[in-house]
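Below are two complexes that have chain A in common, paired first with chain B and then with chain C.
Right after this comes the complex of A and B.
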């Protein structure tokens, strides 16, 4: 159907995909190491944390909200889970269970405040970012956790390969969690009636209320889901870093937000797709990876990322304006 | 006929305010019933009681399909087939047409979304009222008229037996109104009752079988549409008689303030020539797409013409930007601006002076407070507005006085030519009357006014001459004193 194709070529995702492909082709030509299995696995592993958070944040943005506090939630969740795991033999399942419960509780706290007090979610989550993080620092006094249980230190991986220098590389559980997070979010948003209700509220909250949608329930679900994803991301990151540092995650909020917005999600709600978010995360990850492979000083890293985000978002805005002109 | 819904002795208090008192209403299956009344007459409260959103005061009786209730609730109303299409349509702009129509199938407990069922429901609902829209199009990409059809289809998908449309025609063009009226006829043939809530009385008269008039919370009466005229309706709604004599001819010998010669912009309008004299009100009408708004924007410098000349008081106007146009004495009040062009939370004085801050600025670009108060006070007097304190927020004024403030804001630029685009869209009769009064006063002060409007009645009774455009050309000039309203309508719709 030409109409479907036309709709697709006009979409934000199409252009973003084009940029990702062109950038990848350029990097493949310009460097020897970009298009190697090892580099791609590394890319997946290092993107895992930001990508999983992006999946959670996408749902919040589609709903018409925003969450800034997820890095604090992630810090709290990993600290609580691994403090317990250090002393009690709760195993992998236990680690995830404790972290997820903590994350979901923090998310529900956000939802309750936003709904009951009816103030903007930006303000609420900036406050709770400080509250969650402040409590964590006060209670832990900023101490690291380095003595992690042995099963956690070893991690999990499949399909091990060895590179020419004898170092092993493999699909690890960071990569798996990333894929699962995006898949779950895709199913939620596109394959369930709840996901469609989330889109509807993001598009027109008043209309949704008039139709009898349970908006408070949805808000709890959305922020709880964000908390859940923050917890999953935090475990992935802690395993990769082989330690838990209360301060290391704070400050990544805007990078994740930028990736999701780059992927076409609107800050006013109702718009955004999982595919777009995946592309947004990929673009930033490939760009950062490419700059390193090209030998560009890492001091330039943020500068280029900023430029690309600005370019991509402006291009979309301009093409939309032309379309409606 | 049997009544689908019968209301008896319905009253509603909000605190000490009586929104409705002792209103009776009966709605029959398959009828088209219009509910008219000024703002604040209780129409919305009555609709909310029918929708079950609000409960009436005790003592009223509601009989729905033969069953008696003391009040309705939203779930009961919806289940019984009552659907309200609010003025804002309550659609989801980010979802497809199909999803909007079948949004009800997303309700309830978590479960997989059934996309086939959604397309199916939507297609059936559209077929029921002979509408054909692409199911996958986003609602944000549709015109207002098509969005309205989506809202009606949604009511169909919910098995409506009574469809209440709140101000459905407020933002539609004449052509779109006609197709809406066809859909309403279709509903009628399916025994669905339609309740129209409208300000635009000519449409009310066209479609309604019965008209119920509310005024100040009370029911004036229910009338058969055949026994009533729109003039009579106005009187019933407002309790006032309005004077509808065309104005006396103005300024025939006066100086020409706006001279347009052979103005052309291909695709927009072609070879337009006309004059406006000092103190003259000239109407400009025509169907949507006739080029009238494009022409007005050209005179205001926002749509450069490719050929032809514009002169303001004898001086050529190279209308390259609206700044140039304003500087040479042209003011343009776009559609809606009469109501929306105010910062409601800001003081009256700040609103009036918003357009002339530059001219008030003294040394270093600072504004002397005393001069500011004096300038604002001057305008208040000239516009005959009653204001207790210039520093009160504009939002505290009555609607009529707010309109005076908006006009004052534009008049402060001392225009020679004032272009008003559809100044009374969505405004009730009393407020309309206030706007006309101001327009006549401005003309009396020597401003040349170009009044653009969709409504034949408006231009006929409130201008000295009416220019009619069709497909980018000036096709006719009608003089109200030597013509009839019907004649004007024939020229417009020819």
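Right after this comes the complex of A and C.
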């Protein structure tokens, strides 16, 4: 038993958790509003988009690939789904079905090109980001969609209860999707045979191929899953924003990447955990939220986030170097 | 096999510059196609001048990206470095108004000083990148992602997101002036291309950089001070990004923390299209130069045909995938393209 504890205290997740807990305790002590249900719900709702994408990106990173194009996929998926939902009564199921199909198709396109052209996935997905996004804006002329169907505008509002101050709370759409996304990713990576194969290919692709793993199939699955998560995230974002703007999502891709690598996923593949990714997303969200609550001008937000990322990646690299030295 | 010196000069040139020749051929072919469609509207001095005006911003940033790619890394912080540099220059220039009349020597010296201060900031950011990558052992994507967000954050924090604008004439001239009909920014870009090319081909640092990019371990064991090479690479990359920032601020006559962000991924696209191996070790300035002209030709022609600029970036993306497919030579198109086939053959014969 002590050995397990010892291993756990050495892990990346442990230190990240410690930082998150210390930061949360400090914010609870320093501000009145941090540890309130309202703030925590707001936090959950506003991180939903980045969090769901982080869940998808984690799988790609574990596989040893990288995807930059997911914000463009998300833009395409939400635009296609809600354009159809605007004219035809397809309902919730239909919106999700159309968005997910679009997302998965875009993801499969990435996988096929990476496999066929055999150049690094960064380059392929930078290209496809430009292709998806460029074509989307060209075809739609950048028009917004504002008149969404009424069921979509209302979202969901489950288990409502009211606190002593009279504020109503409920499980909302964004929070639900976020939890489902991370749960699905956890099941995929930790509880299925395919998850183990994804780790294996990420660890050593050539060895995995020699062992008889179907690398192309796995690649399709991983990039398809990323596309699927991008679609889910885009629906969550559209519901929150109550409109679809094809240009708002582009440019967020590197922030999501930063959150996932903060959570300990390595860019060389084979490493990374769902818990770490959750903590990475949480740390950035709490940091940004805390700075606002502390009254620091929001203009300085990014500076602190950048410094935390630099400190975290440097500390991780230095501690690893010491271990292997 | 015959030693390569005995081969005919032209075929040797083609073999050694396969990427550049391929891109130049695509350029000529597209020029002919677009020329037939658009006629005089494309084949005019004005069009080529506008290409020469538009190339330097992306071009200088792509040079900065190229150095990092050659070392086997990546520099995501070039845009925020460029903006930080531009804002530094802009804020130093704000103090120029009280003293020194327009046109005096002092006035001019002050501007040179401002540019130097901006470049110094850019080099500092580059050194920080190099330090974290070489000495802490952080992967380049992560390190430069961190400095990208931190630098942009610093710039936003200090300016509160505002635009600084209105610069003295000499600065504005860098972006908008011409010399014998050639834009000054394009001349600057040309000078930087030659500089980088000479550094890469003729200096010992350049040779070491290629070796480090090709195989870091082997470079280490052959006595190259890998860490120092990486530090210098990122410092130089930062300095070039700073020059990009100078051109950008001169062209817009303003500076802001979030200008030019769409250039980041495009600069990687341009560099890889220009034959820079994203895993490091190979690539030439001439290839990059050809790639940039090709991209701008497509952009200008599409602009004349009234296509949206977003269709242009989609085509740019498709072009990169297409050329990469040709290069990897696995597809039928790869075998059809003579030049690349030639190169593949020469690689085989050199190995034999």
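By definition in this document, the second predicted complex is superposed on the first by the 316 of 325 C-alpha atoms of A that agree within 3 Å, B and C clash if a C-alpha of one lies under 4 Å from a C-alpha of the other, contacts with A are read in each partner's own complex, and residues count from 1 in each chain.
Criterion: a contact is a pair of C-beta atoms (placed from the backbone, for glycine too) under 8 Å apart; a residue touches a chain by one contact, two chains touch by 3 or more.
Note that the coordinates shown come from a computational prediction; the quantities given were computed from them, not determined experimentally.
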Which of chain B and chain C A:46 touches, first, second, both or neither: neither
Touching partner for A:36 - first (chain B), second (chain C), both, neither: neither
Which of chain B and chain C A:133 touches, first, second, both or neither: second
Partner chain in contact with A:257 - chain B first, chain C second, else both or neither: second
Which superposed partner A:211 touches (first chain B, second chain C, both, neither): first
Partner chain(s) touched by A:28 [first = chain B, second = chain C, both, neither]: neither
First (chain B), second (chain C), both or neither touched by A:199: first
Comparison of chain B and chain C by chain A residues contacted: C
Overlap of chain C and chain B interfaces on chain A (superposed complexes): none
Chain B residues touching chain A - in the complex, by the definition given at the top: 74-75, 78, 86, 88, 90-95, 99, 103-108, 110-113, 134, 136
Residues on chain C engaged by chain A in the complex (per definition of touch): 74, 76, 132, 136-139, 141-143, 145-154, 156-157, 160-161, 261, 265-266, 268-269, 272, 278-279, 307-308, 310-318, 320-321, 324-325, 328, 330-331
Parts of chain A lying in touch with chain B, wherever the complex brings them together: 3-4, 7, 190-197, 199-200, 202-204, 206-208, 210-213, 270-271
Parts of chain A lying in touch with chain C, wherever the complex brings them together: 68, 113, 116-120, 122-124, 126-138, 141-142, 251, 254-255, 257-258, 261, 266-268, 297, 299-307, 309-310, 313-314, 316-318, 320-321
